[in-house]
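Each of the next two complexes has chain A plus one other chain: chain B in the first, chain C in the second.
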Partner chain A sequence: MSTLMEKPAAARSAWPAWFQAEQRAALAEYEALPAPARKDESWRFANIKALDLSAFAEATPVASETRLIQASAGLAETSAKLVLGNNALLLREAPALPKGVIFETLEAAASNHADLFKKYFMAQPVELGSRKFAALHKARTSGGAFLYIPANTSVTLPIEIFQWVEGANASVFPHTLIICGENSSATVVDYFKSADRLPALACGVNDLHLARGARLTYIAVQDWSHETTAFHLNSTIVERDATCTALIANFGGGFVRGENLSRLVGEGARSEMFSINPVEGTREIDQRTLQDHVAPHATSDLLYLNALDGKSRTIFAGLIKVEPGAKGTDAYQKVKNLILSDDADPNSMPGLEILNDEVRCSHGATNGPVSAEELFYMAARGIPKDKARRLVVNGFFNSLLARLENAPLRTHLESLVAARLSIA
Partner chain B sequence: METKPDINIDRSIGDFHYDVDYEFDAGTGLTEKTIDYICDVKKDPDWIREFRKDALRKFNSMPMPTHWASPDLENIVFDNIRYYLSQGTQPKRSWDDVPEDVKRTFERLGIPEQERKFLAGVEAQFDSEAAYSNIKAAVGEQGVIFVGSTEGLQKHPEIFKKWFGKVIPTGDNKFSALNSAVFSGGSFIYIPPGVKVKHPLQAYFRINAENFGQFERTLIIADEGSEVMYMEGCTAPKFETSTLHSAVVELVALKGAKIQYITVQNWSSNVFNLVTKRGLAHEEAEIKWIDCNIGSRLTMKYPGVVMKGRKARGEVISIALAGDGQHQDTGAKMIHAADETTSNIVSKSISIGNGRATYRGLVQVGRHLKGCKNNTECDALLINTDSRTDTYPAITVRGKENACQHEASVSKISAEQIFYMQQRGIPEGAAMSLAVNGFVNDLVQQFPMEYSVELKRLIDLEMEGSVG
Partner chain C sequence: MSLKIENLTANIGDRQILKGLNLEIPKGQVHAIMGKNGSGKSTLAKVMAGHPDYEVTGGSVTLDGLDLFSMGEPDERSRAGLFVAFQYPMEIPGVTIANFIRAALQARLPEGEELDAVEYYEELYKKMDALKIDRKFTSRAVNEGFSGGEKKRCEILQMAMLNPVYAVLDETDSGLDIDALKIVSDGVNAMRSPERGFLVITHYQRLLDYIVPDVVHVMVDGRIVMSGDKTLAHKLEAEGYDWVEKETLATA
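Entry: the complex of A and B
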């Protein structure tokens, strides 16, 4: 078994030579950068001990390819599907993609569409604390998903991506790069799944780029095994009059560090950042967000919902930053923690940095239990307490899903949430 | 469209300075020798000398908290600061003994001589030692101790030693360590059980020496069922070089006691004001900080309440006004450590010109507690285009029978409000001033009458020239 530090066998890499050189530089950067320390403000409240990655090794090709392809089922109707297992392509289907849309592995795109790749791949600096892990991702990523939608093109049916990990202590480096041309539109559902209930490392990066007037709905269904250590570093660039709706559902993962940056660089840009997080046991979901208003008259709206049971932990550290020139900004940020047990540990740090006076800006953080009245109402109708609690959590998450416009997508996600909460 | 010019606040107000002959002066810089000098002059007992030296070691070993705080802290040159300066070691007995030139400073700052009657049990601090001390007979008769911190530790060691440094340990932060090393001045107050002090106890603090840091240390103990209100106000003359002010205030409210601590500060814009304030509330006790910060170059102050007894209550009401070149980094800390404890934080800030107002908060509810509640509201008002505001709360509320909510909003004065007033003949500047006063009005009303009047005057002063 090879460790993460060793060079991958050169023959296996399908990356072009120039990118392999960048990967070697990234590995050196990973080794040189210091590990996060307790005193780092961007790791405040985090369980630094979970960052020891020495147990993880490079993944070997998946053994249960057929089973994983069969299990890669999501929405009833899609326009394309990509299935990756342990960093390698297992399946690509594109029955209903409009002309000009490029949907292939990132590795293929690096050779076939090097200009696009070079312009958008990890183009944003990692600002929320995980530079070291971003370097590791770059050094080790392979496979990956690449989606390019040309200007004035609508992909009406959703596109689905499945990224699997299989094997004990396997490490995967999923990457999704989405480039939406001017006035294009698309819906993408990105599933992160484990083939087994074994410890694994997932260190993923997403780059979403929306050109002028584009519309993108991006859903990440993170369903790693509860033994998985995961990093998900997302950055979104929204240009003029474009609208991005991103929802991250953290159903799995034992230790999950999510960093979500949305930068509004054009007037009239709009970014919605949503997250639903059912956590229990000793799981820890650590999410850091940045709503960076560079351009005037842009809107960002963040809503994160956490339901905590057992000895679980959540950390939400959000920042709305309104740059000096960003007049007429509308920015909202809200985190709600639903507390289901005495041992749960929710930490909220909703922050604002406003450098401009013409803004409408608010943030909020609430912590509260399931209301006794709701439980009583259901008890009076013969619903056992445990189920009643799960129903309340279900309703809590559904209140957010209701904000998605696409009805089949919403129904699909509602059924995933219900399944996750074991509601028949 | 944009017609608002840059504002120029007239900081020369409060810009008064009279030469004072300092009898005792420890020179600049801070070493063990400085500590020995202070101890010798103040005739400190040995345990205080040890306490100070231990604090100095901690101060020297602790890094600047710039991993989260303003990098402006690096501009403090500790070697250029005078750590001890006294006009005389004995507090003055009566108003008549107060030197004329000192009285004149008071008067220029708008404190009429008649206000003496308000100075019930006064500790008017002039530089680091009490220049004037007149404990009102009535308060003394109730058994209330209201003295300077030096007198407190010398004459009432049994109470002083029990609580001193217990609410805020020396190593709490770099500046509490600094204060513990070189403290002088400040008040020591003890309220016996059941005594409700009718008059607010007041202390006026003044800084009046170039490069002179003021490190007062206040300890207030309210015994079971007692009540007290303490007020401090600060105005500082303006100087060329930076001045450091780093106080430590510890409050102890025993069972059922109530303490209100009111601060109105108007520092000159070259002062670093780095203050640690914390209260310990026992069962059913209540501690309320009412805090108004105006002026200074950088203020860092987060009054806190540790609620360690059942049904204890903590409250912070805070107004911050950051003018040009100023950074108000203020907030609150609420530590819930017992069942059914409740806390409330209301913070309002106003940023003028390129001023920056920051709210930094901490709310913690420990596990296995029941019925704890916190409510936090932060509102920020931005006056000019390059005004800045930040909010950095940290909330950890454990336990399924506790609740907390935090809300913050940022806004500017609505053009409609200003238009409405202008239409009725109120000039734009006055209208802005009225709008700002309206923004903070519900909080200002919580201040004692004379303070709320002073506060409104200060806001008008700060708003002068912010438009038109």
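Entry: the complex of A and C
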């Protein structure tokens, strides 16, 4: 098996030559950048030991292609589906895509739509700590998903993307690039899944771009094996009067580092940043966020819910940044930790940096146990304690899912959460 | 076969609330408890349900001979056939009524057996219709934002779905309007059977016109001090509790 540092076999790369050159430069950058250290502010509280990636190797093509395609089932009704396994395309279906919508692998888009690719692919600077891992991603990404929705086009039914990893110590570098044209709208559900319960590395990047008046609902269902080390670096750019609702459900991963940036660059832009995180055992979910208000009269609303059991850890470090010109900003940031065990370790660092006076901002973090009265009431109806706790956690997450407007999507996510919590 | 409470004593903190309480409800009967505010009626209900705030210091409660206090957690008592409709039902944000009752029923099935969802909803809707509870309530969080009367009706719905052997209703009539009182009483009366016993805690004789009790007990300061037939409730309603306290002091 080859290591991460070695070049992937030439035959596997369908990238255009110019991008392959960029990948070589990115690999050099990855090697040159220092590993994060405990004293780095952006890695405060993080388990630095989890960042040793020496055990992971380049993934080989998936062995259980048919099974993975069969298991790539989500919503009952979709307009298109892309299935990728170990960085390669397994299936593309697009029965109901409106004219002009481009939905293909990122690798294909680099050749077919080089202008769009060059303009939007990893166009944002990595500001939340993971420059090194962003470089690794760029150096090694292949496959990937590319979605372009032309102006004034509505994709009514959701689009689903499944990105699989298979094999012990395999590495995947999923990338989802979504470009929403002016006044377009779409809903995308992006699933990250493991074919087996084995250690793996996932180092993914998302770029979401919403042009004026666009509406995007983006759901990431991160369901890697609990043995997986995962990085998910997300950047969202919201232009004038556009609205992005993004929800990240971290169901899996042993060590998960999420960096979520949302930049509001046009007046009236709106960004909702949601996350639900059931954590147990020794799992660690480390999330750093930035709500960057560049334009005036924009809104950002962040709500992260963590339910911590066992010896699990969560880290939330969030910053609302209001740039000097961003008067009339509405920005909210809230993290709620539901504590299910004395050994759980929630770390919350909400933050504000306000360079304009005419703003409305609030931020806060709360820690609370499951209410003893609620547990007693459920017990009084015969519900065992463990089940009662899971019902409370389920209710905690459902309170956030209630904010999604699309009813079939909400119901689907509710059933995924219920399944994750083993509630029949 | 009975629900039997013998010499029960219980504390909250250092304070003794139940002071040697004796009561037996034979299966098939409805007993009522009346008593002043603070006499310990709800304490009795919650002690039986296993509320963690109360410490049982002596005595026993048995369900058809089964010792309640030797059961581990409160959920076992419920599954053994005890139901308590609370005076102040708790709210559970985010857990819908439908999922709540379903989990309670599922907990009564043997390991590995799944509740039939279609049958469950049929049954639930039937009982909701009978209690005139809007079907929309199935997707509302348990008791969250419910009016006082809605909470009480929801308690009775739970009882109807769980089919207990012994049910304790703590002031289920408080907060109900006249129509709701009839509906809820009908619901309870429909469940009266030789296979089931009821303990109805109330302040109002009126309820006992609808749910006619076999025996009425008077509770004073953590004890049952007097028992009689339904006419006792009329006398209490007309004359209050002072005479009871005088009489019992005289005989003490």
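Heads up, the rule we're going with is that the second predicted complex is superposed on the first by the 424 of 424 C-alpha atoms of A that agree within 3 Å, B and C clash if a C-alpha of one lies under 4 Å from a C-alpha of the other, contacts with A are read in each partner's own complex, and residues count from 1 in each chain.
Heads up, the rule we're going with is that a contact is a pair of C-beta atoms (placed from the backbone, for glycine too) under 8 Å apart; a residue touches a chain by one contact, two chains touch by 3 or more.
Source: prediction; values computed, not measured.
In the overlay built on the shared chain, the residue A:Y148 is in contact with neither chain B nor chain C. In the superposition on chain A, A:P324 contacts chain B only, with no contact to chain C.
By the touch criterion defined above, A:N398 lies against chain C but remains apart from chain B after alignment on the C-alpha atoms of chain A. In the superposition on chain A, A:P384 makes contact with chain C only, not with chain B. Contact comparison for chain A: of chain B and chain C, B touches the greater number of residues.
With both structures placed on the common chain, the touch criterion links A:R44 to chain B but leaves chain C unconnected. In the superposed model, A:F255 lies in contact with neither chain B nor chain C. Within the superposed three-chain model, A:D345 lies in touch with chain B and out of touch with chain C [touch as defined at top]. Across the complex, chain C is touched by residues 372-374, 376-385, 387-388, 391-392, 394-399, 423-424 of chain A.
Within the complex formed with chain A, the residues of chain B that make contact are 67-68, 367-368, 380, 382-412. Within the complex formed with chain A, the residues of chain C that make contact are 49-52, 73-75, 77-79, 84, 86, 89-95, 99-101, 103-104, 106-108, 114-115, 141-142, 158, 162. The residues of chain A lying in touch with chain B in their complex are 39-41, 44-45, 324, 337, 339-370.
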